[in-house]
Amino acid sequence: MGPLIRFVDVTKVYENNCTALRGINLSIEKGEFVFITGASGAGKSTLLKMIYGEEFPTSGRVIVDSWDVSKIPRKKLPYLRRSIGVVFQDFKLLPDRTVFENVAFALRVTDASRLAIRRRVPAVLELCGIKDKSNCRPDELSGGEQQRVSLARALVNNPILLVADEPTGNLDPDTARGIFALLEDVNDMGTTVIVATHAQAMVDHMRKRVVTLRDGILQGDEARGIYRA
Amino acid sequence: MRSSTWAYMAGEALASLRRNRFMTIASITTVMLCLLVLGAVYTFTCNVAKLAEVAEAQVEIRAYLSPKVDEKALRAIQEQLKQIPGIQSFEYISKEKALERMKQQFGDKEGLLDGIDKINPLPASFEIKVAEPSMLSGVAETVKALSGIDEVDYQKELVDKLLLVTRTMRFGSVLVVVGLGVVTIFLIANTIRLTVYARRKEIAIMKLVGATDSLVRIPLVLEGVLLGVVGGIAAGLINNVVYAYVFKTVSSSMPFIPLVLPQAVNGKVLAITAGAGIVIGMVGSVVSMRRFLRI
Amino acid sequence: MRSSTWAYMAGEALASLRRNRFMTIASITTVMLCLLVLGAVYTFTCNVAKLAEVAEAQVEIRAYLSPKVDEKALRAIQEQLKQIPGIQSFEYISKEKALERMKQQFGDKEGLLDGIDKINPLPASFEIKVAEPSMLSGVAETVKALSGIDEVDYQKELVDKLLLVTRTMRFGSVLVVVGLGVVTIFLIANTIRLTVYARRKEIAIMKLVGATDSLVRIPLVLEGVLLGVVGGIAAGLINNVVYAYVFKTVSSSMPFIPLVLPQAVNGKVLAITAGAGIVIGMVGSVVSMRRFLRI
Amino acid sequence: MGPLIRFVDVTKVYENNCTALRGINLSIEKGEFVFITGASGAGKSTLLKMIYGEEFPTSGRVIVDSWDVSKIPRKKLPYLRRSIGVVFQDFKLLPDRTVFENVAFALRVTDASRLAIRRRVPAVLELCGIKDKSNCRPDELSGGEQQRVSLARALVNNPILLVADEPTGNLDPDTARGIFALLEDVNDMGTTVIVATHAQAMVDHMRKRVVTLRDGILQGDEARGIYRA
């Protein structure tokens, strides 16, 4: 079996002619824990969006598991996305549903049973430290709380791949440490984890693989690296 | 999909109507008002058709008998008239009856016509009603050919005018109902599009989390159907009540105006408004969602 | 506010219409279609009123002269009739003319009435038109009191029926226009509310950055006015063109149907649709914005 | 003259009965640079929102400059808000206007001249390092870029008070350092600056006044403090 994720000569030019990624070649094996670093605007989010099919390459190919995401048929896209848990940089919570419902939604899309939902959702909310906010709507939460709901939703259906875009930007260092520990646990249980982050201290401390982008170009890729931008 | 997913989608449609109370109220009133107007115009149209029909039913052929026709010949003519296809009914007007009618036409001044009594120059005749105004000329020809019939008269010009008017009325009202139907579709679909548009970000989020098109679409379509059905039934019922009232009022104060019975039209109106509500609500939401699902 | 701020607000209204193209199209078509229906019904109503008027103008009083009235007395009566207020016009029908008319009523069969010629039991009469149908009974009384008038007749029952019908028609059409006006206001205001609602978050952001209510409101109200004016004028013009066509068609094929001249009604329709568009667009946006400005 | 900002016994209970702040007493002098720290959900954003009148105290009083924000008339609120520059935790950019227009809007509300707008906006965008994105709409920007637009908008009309809620949560450490240097410059020129942040390294490095919240209670207030949560 090949790597879980493969970027082959990926270039992304947005409609306004902004080139976000240039000739990216990258492989990520099943079970890896990878940090994506780089300055603001370097292309980290764009890279992640191509994994779960929110954006598509202008040229090149993106292969995830057995899917060629760069030319996946629209019908198949939901099935790809379900197998990936995503923590969005801007959270993307459904504004008029409770925290519980937001997290449950990621289970509902997989046609999960009522029982599974009732068991799994509170457990994940507990894990992310926001169980007491279950019945709040997102606009009743603090920034950091919203971020943790997004993380809970990403984890709830035990994805084979977790993609987290700046998952601790709104969290205090203590809570952030807890979240990174959680990500490490998830990774230990076999989930591949990719995290775009600016949390220098955490990256330096955890010594995982670090992929660095600069102006859309893959600048560095170290096995037990430290933070670089 | 498992049954709990279906239950979720149904519940979701209801919950969404509750959560977006503002949009729900706005769209139900829109659906209701549009279909109210459509229903009212349809009812009006039915009455126009009825009026046209009644007016056309007034049209008759008058066949004057030759003075030589005796009792037996008269009976023979009656028998023959019964055979002619296209004749709905006929009535025999004797000389005496003709005179009496003429006198009535001149109102109170019967005395003035007293002198005419002894002479009575008026001929006996048949008043013949045909089933279809378009058959008039054919029937008139046939009747004229009967022996004992002197002359046939059916105010051709007046009848032609009448037929032109009633035909135009019928055509016009079909046009109006169709036109208004199109307007209604646009208005309701527009409103539904605006409510879907307002939720395009939510739709995008659901898709990004891995929802299939159906899981996003079905609750929204159910919502559209619910909006349509509630608005449509409300419009239909209001129409029914108002028309029943109008019918009661008009037929008691103006019994000479022929109105369609509420029983004959109310059911259809309710069916039309409810049906249109459902169909437009459903199709409207399916169509307006399409572009927002491409994510 | 300085003039560049005003320029900004005007530009902002236009830019916003362009940016939210989807909502702009949806609301302009809604405004247009609603006002199209309103304008059409108004035009129809004008024609109903005209029809009622024409029908009422048919009503007349028939005053029968006593046989003793000679040439001089006739002239005296004519002079007196001219003095009576409420009489619009009158026509003298001689005995001969009365008989001729009666013969005509019986169609082709003049020969049958030949015998009556020598006797001619019909009296001479005046056909009197009154200015207002409500004056009928008064005028009839006055005329009856004149010397030389034997009998006065105005088919009271028929006239009463007619007046009831025309009055109901007038009242009904005012009711319909008012009702439809209310529906139009609701529908347009609803649509505008939905478009404002869709932008409630932007409104909140502007307020949080320090914008006064006016700076947020004026561009949005301008937008509403522009939507209203464009939709209203479009509706008015379409109405005008269609009515001109209908008028031409009907008055050439059915000249006996009295239609209001396009010149007489088109201006009003345009004024109504454009005016309603502006006012509803403006008031609708002001009102729907209010709750979103409380931030 | 008294302090620029005064919180007197401020308690905030949200509609869902969540108590975000309890009996806060706090004074901030004109020209100060204050960090607000505390765990996620401690009440930092709530505290800041009361300064510019997005939320109002359930009890107690908030006084800013000469305004009693806790009972300011609706008509006066815009004038208070204009004298305060705010970097929102969730950016709050107008989605269908360009970066330039978003920043210019904060000047327009003050009835600024066209000339002033044309001169001032590009200068501030330059300062925040996003001048090349002037004509992009917010959804064409990366998270960090959006954050900097929000900062540029807060700075553009030289407010007497700058309130920044987590202004570097989406920025890499280098850019974040630049932003903090910028905030210090602004402070040096006389603007009072209040920053809610989780950037431990920056707080520890800058040694400014640190106000710490915990569960809505004012837990600490040190003159030349270090990060505490």
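Chains: A, B, C and D, in written order; residue numbering restarts at 1 for each.
The rule is simple: contacts are C-beta pairs under 8 Å (C-beta built on N, C-alpha and C of every residue); 3 or more make two chains touch, one makes a residue touch a chain.
All of these numbers come straight from a predicted model, not from anything done at the bench.
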Any chains in contact with both chain B and chain D? A, C
Averaging over Cα atoms per chain, report the distance between chain A and chain C in Å. 67
Taking the mean of the CA coordinates per chain, how far is chain A from chain B in Å? 62
Would you mind pulling out the distance in Å between where the CA atoms of chain A average out and where those of chain D do? 29
Which label fits the chain touch graph of this model best, line, ring, star, complete or other? ring
Chains grouped in pairs wherever the two touch, ordered by label: A-B, A-D, B-C, C-D
Residue numbers on chain A that touch chain D, as the complex places them: 14, 16, 18, 37-41, 44-45, 89-90, 136, 140-145, 147-148, 165-166, 169-176, 198, 200-201, 227, 229
Can you name the residues of chain D that touch chain C in the complex? 52, 54, 74, 78-79, 81-82, 84, 86, 88, 92-96, 105-106, 108-111, 113-114, 153
Inside the complex, what are the residues of chain B that reach chain A? 1-2, 4-5, 8, 16, 19-20, 202, 205-213, 215, 294-295
Flag every residue of chain B that touches chain C in the complex, lowest number first. 22-23, 26-27, 29-30, 33-34, 36-37, 64, 107-109, 112-116, 119, 121-123, 151, 153, 155, 161, 164-165, 168, 180, 183, 186-187, 190-191, 193-195, 197-198, 250, 253-254, 256-257
